[in-house]
């Protein structure tokens, strides 16, 4: 990888967010399925902006694939490329970066492909395997040649060593050996396969299009873009095998109590996606309502930190009666990052992306609603910008509880030591950021906003909320092996 | 130009808006001025997305320039390119497309440069010259070799034929010969020059940075990004010449009553820019307020058409008391356009960019607020999407009067025959789009929102509103020569 | 792979030659070894023009690699790329195409890399494994995931399954399982390893540079370019392991009588390389001498078919006394092939590359000396050009015997049915090409020119000459399994 | 221009040759004429490798053009580009660099185009105007805006200021104002025009293809590649205007005695081109013969310095009886230059391109034949290589007289101070290069080889030989203005 390519991977202006690591999409029974996959991945681009890949199968032309750095729209819209991906069956993947890899290389881009004695199979994985490192060591000792630094490649090697006769059975075999979070879409020459881990940490939904067409996707917004009808969510622990317009469902794993990732509601999923029959936008709006109840303040304006804080800010405004306004404008021509930027550009930071509407906020008491605080560095910069513009008071309201623990289930989080909430109390954070007041929604408030009227069930939480609570539903065994300390039992 | 480059210029998914054709920026007295110009142009990217250019001057290395298709951030952030543009004085230009040119070529990208006997001079022009075609013919007959299809190149050739001794005097000479709208930024080896036409149709502001640094820009948001202090607007008919930290102002034209473009308030300018001491955001918010007063309706939700309708929708919600919600989500990874897209992609149209939040609008009476209706094609598609999602009623509210006349002053508008409002009454438009109701703000309402409490002064309008009224402050002589019919006197 | 990339792989203008499939180079004990590898590969570019790869190891930065389509000089000269390949140990590979692959993909570019429990190892292979297909099937059945279509990847998977403790022992283990022709250069974190198959079909030489530096290369011309001193050839069946300036030699295979590829003398190797202590140029010159003795003719000029026929033409002229002249000029700006060429260009064929010097050949009896006849299509075109230019007679003299059998040891040859000499007698070929006379050197003459004064030892041939004789020293088992018929015993 | 682009223009490995600065080609009456132009320019690539441009005219689609850095085959073979250059009339240009420009920019690439009141006209110029600088100053004072740094652009501006009614008359008008050397090809919407300066310093030939097709080209090798029949040379001082298959010839200049550039015979032209009815190859061969007569030596081998020394070396061998051999091998994969090369690569110099065949020259007395000595730096390096390889003696024989004066007529030569022969006698040069003997052909010998049996006519030389003799047929007035001292009259 060249220096320029390396720079492409750094995120100097957007490093203060948790990052979903993947979006996946598959289609079967549709002419030129790869086109539908490209559109689905475009709708899922927020789940992974670094790179994307598509594998397609055509009865005449066999398996074809393309893996590219950059946005879906810049790669998978060109006729010349899409014509090289013919056939009625295709799957795809967009990624931010995988846990096991230090630097991005083209070989790390999914879907992964393996040639087995019963034919080829491609696999796309959203999530993270918490025992990938020990599995990898074990597989290498038994002759596996790994081509990528991705934990997901273990799945293909475990399949290769399974004694099962069908691809689906080999996938089940392989996934029984892994720990962690996974939603998987796979394809053979004739089948589209979807699997979700027993806890259902990562989302996976099914849609229908036309007579024989079925699609699998991380979120419902990817069904909308192609005009597919939402059928249902794949259940935690379920495997579906789709062929010739028929769906076979099975449960290859031991049953478990579901623990869907609550951060999908807070930030990862698109606001126009539906989760559990409920719009993500509504949940976020409701978080704002709960936040206004839990942490009211006298102020003149409620302004979102663009763009993710907007629904909660509208909810806060609605509940509090304080007028909603776009006090901060986002430059819509800001791309993901810069290749080989000048020093001058590098130092501009958040200013390249955000600008405060001076005449709007001057002299005002402003409530700023953001979705989360990770390192806190961006919060400080935004506070500076808004005070420079003449705001009288700045009240930060955060639409999630303090992020105090790293995620090991497919989300890119800093080391625990870099999480502001792991090092400081709420008051210390307020002083460090330098705002008039700072309040986070409570864990119970968040659960209520997500539809759990009674709040969090501490004995048996309805969601995975490890990043807030430190309560990890699957022990991160590789991390523990490297010295990570779990929260002490209370 | 290759086929691929040609496709790059088509706008298949965004062709139902008026387009500002240019943004300009200049800096003097700042180390590596080109970096500041790049940042300023990035902030002005909404005024022209097709291409950009920068000319810089360094006492040792002379004039250097770079002209590129694509976004500022993709070109003018790279260290390797910026190092080739050294020196304390630089100007730049972003463009959509110039009136005189059929297809984009690199030679059409400004700033234009001319070598004169008293030294080189670069010129960047925002606006459109309405007598460019006859000027061009005349210049060619006298030996001028035109290098571009741009009307702005006339300025350079007129300068070359002036008998004046200084660049500034030659610029004044040249601009006295042109008709139409122009804000011009020019540079010599030592001077930064700004000029605005006597009507002041297009904006131009001045800012200060550090001890000796001055900048000129189309909008104040470009001062904010580099941290420059707003000094003042260049007055209609004014020329400023900046050198060694000193500003000389003169008035080289016959005085005229200013007619600033009112569409800058409606759509072109960024909401965080200030015009006439007032935030564009506030004007747009106030348009929503006026619209709610003029065209109230019983409804459940007020939703903006993203993103430009948002401030007016907030105003409408505020005034009407109907809750504001983001019923339509915009895909933030949607770029400007696609190179060589597949047929499949081409047919997706607006779906690639917008998605309706189904569970939010289902069964609801929705007020949709958009900034303008040009051809009406996008309005129809959005109406379909929102009805497909199950909305009970759709009430379109438009934050500008009906656009019934083309602009000849630097805005890309379709031929008159393609403007929906030139062919239909408001009721016919409502039926053709297919919505429950459709209302535009009145011209007086728009003037009130822009701060003219008494509305439009018909005898002597405060703004150029030719696109709504057909009242052209400068006769478009080239167009008239080709058969364009002005509105009959009333 | 896009359509454009596919076109890049076609060879419309140069498809009438046998093609060597690979060149390999390795360096140890030299600062920034990858730079030396790049230069070595540049010198070996004639052995493979499609693509190249380099793997380097640095104690701090571990293994790094780059694989690129195109010439070495276009990729591996850029500072930005070479800086990403640090360290004192590196190996590289240039390739034409591998036997097992239909279309070029980046994953097929060598060196291949495997992570083993005792550390990483990279392998570059020149030659072809004649039992690769059955090995591949067997390995897949035992859980191997192949990433490329290259037969050479088997070596890595066989290594992964070996129980040996060191990389070198595993390489020996793996190579004992393969059949066919191979010269292999491999590297671990600390060792550079070279191996040659027991017959020594493909070349491999060792050089020394500075105090501690050693290099391995396909040919001596790659030593010359970096100024390395020639040490010796690696012997058939020998393995060398170089570390810390010391060389360990071993013989891991059963001994066999060497059968070096005689076509290396005729065409593949560069004329300035030395084989067996003798310059390739001299052998070719001597082929011309033998040819003049075996097939004399009355003529006015001896002209080479550029560039490979030149030394033999000089020899022919020398022996016959007929003046030597450059009657055909080669366009030196002709690249390897064209991407997406126009129909017009495609039809130009050989004219793009060659032009006859009309005033030189007009009315003359011309002896044309070429290195070989494969399909015969280019010979016909050259004959036409030279007759069009007015030559009185054309006498083709070929510096190799008739090519009547395909090579399975690392050379790209057409199917037997497409070889002109497999279908026609010498007289039939003369008539089909349409020349006054056509003569090939005899097999014995070729052996004499290569230094075997007594000619070919039929009982125990000194070279592999299967392409001429059909006498295959290693049975091509995969091919036989697919129906290839060996020459019947005489 | 970026740093990388600048590097593209440096010639670190090939800077010790005089460089022809341009090749030109035009075609009329041929379907898709631009394709023929591309092929013609490919054949003329040796006359200019930096960049190329084509302008085409189609009755429907008007004038289209493309200008690109790099080889013809890398740009003007792609269907996508060539389709953008439709029509039956096209001209093109390849360039090394123009005299007036310090660094290459796309605007300097010819053909230049001007829009006149009677329609567009494109002009391609081979040669150099010796009064361009004063003309340029004068034109700028009268309002001309220059777009390039090229002296050739003056022609277009002079045309624009002419009062003549036709393009052809304006071209004649313009060329009467310039001094220096020029072969010009121009095109209007319907005419192909060719002009040669009165001295006929640069070549220009005419060919015919098909019924109505005519082409103009710098050399006959460009006729051969498209299969065109050679018609005749354009005469010195002649203008031809070709339209609808008819040729009009006129003589717009005062008559003069022709002085064709003798260096075209020595080095610039391709050996397969015909000049004055004689093959360039034959002249070069004859130079070798003359050289063997003038400067015989006892030796074992005659070796050419590849590739340009080859015909003379064959002639030397033929005349002297010393065997001819390719003692130095040229790497055929060496491109023009490297972009952003590593330090290591930069230091390799001539080794990247040339290698000595050690076993051939070891212990031998070698005659090395080269075409010319400019700075002498490459000669020194080659001498070192050949001595390192063990040669006993090295006798340099140069196929041209000492190059002691710069060329101002379209050839890139160093300043006089950098020419070895301007600073040293033949013996001093021999010692500085470090060879056993060094001999140049005499000026008379060169004339004899070029067909002038009586040698040079000192009173009225048959050729321009200013680079050898200092006898400039046109006074280089711009240079004299800057202090260049002509040779004192003898």
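By letter and in written order, the chains are A, B, C and D; residue numbering begins at 1 in each of them.
The rule is simple: a residue touches a chain if its C-beta (ideal position, glycine included) is under 8 Å from a C-beta of that chain, and two chains touch if they have at least 3 such contacts.
This structure is a prediction, so every number in the text was calculated from the model and none was measured.
A.B. asks: Shared touching chains for chain A and chain B?
C.D. replies: Touches both chain A and chain B: nothing.
A.B. asks: With centres defined by CA atoms only, which chain is the most remote from chain C?
C.D. replies: Between chain C and the rest, the longest centre separation is with B.
A.B. asks: Residue numbers at the chain C-chain D interface: does the shared fraction exceed half, giving same, or fall under half, giving different?
C.D. replies: Here the answer is same, because the shared fraction of interface numbers exceeds one half.
A.B. asks: Take the average of all CA coordinates in chain B, do the same for chain D, and state the distance between these two points in whole angstrom.
C.D. replies: That pair's centroid distance is 50 Å.
A.B. asks: Mind checking the centre-to-centre distance between chain C and chain D? Centres are C-alpha means, answer in whole Å.
C.D. replies: Result: the chain centres lie 36 Å from each other.
A.B. asks: Report the inter-centroid distance (CA atoms only) between chain A and chain D in whole Å.
C.D. replies: About 61 Å, centre to centre.
A.B. asks: Residues of chain D that touch two or more other chains: which are they?
C.D. replies: 78, 80, 83
A.B. asks: So with touch defined the way it is at the top, what topology do the chains form here? Options are line, ring, star, complete, other.
C.D. replies: ring
A.B. asks: What pairs of chains are touching here?
C.D. replies: Touch list across chains, by label: A-B, A-C, B-D, C-D.
A.B. asks: Using the touch rule from the top, collect the residues of chain D that touch chain B in their complex.
C.D. replies: These residues of chain D touch chain B: 1-4, 6, 64, 66, 78, 80-81, 83-84, 106, 114-117, 137, 140-147, 156-157, 160-161.
A.B. asks: Note which residues of chain B are touching chain A in the complex, please.
C.D. replies: Of all residues in chain B, those touching chain A are 32, 35, 38-39, 42-43, 45-46, 49, 71-74, 77-80, 82-83, 221, 224-225, 227, 270-272, 274, 277-279, 281-282, 285, 307, 310-311, 314, 318, 323-326, 329, 331-335, 338-345, 348, 351-352, 355-360.
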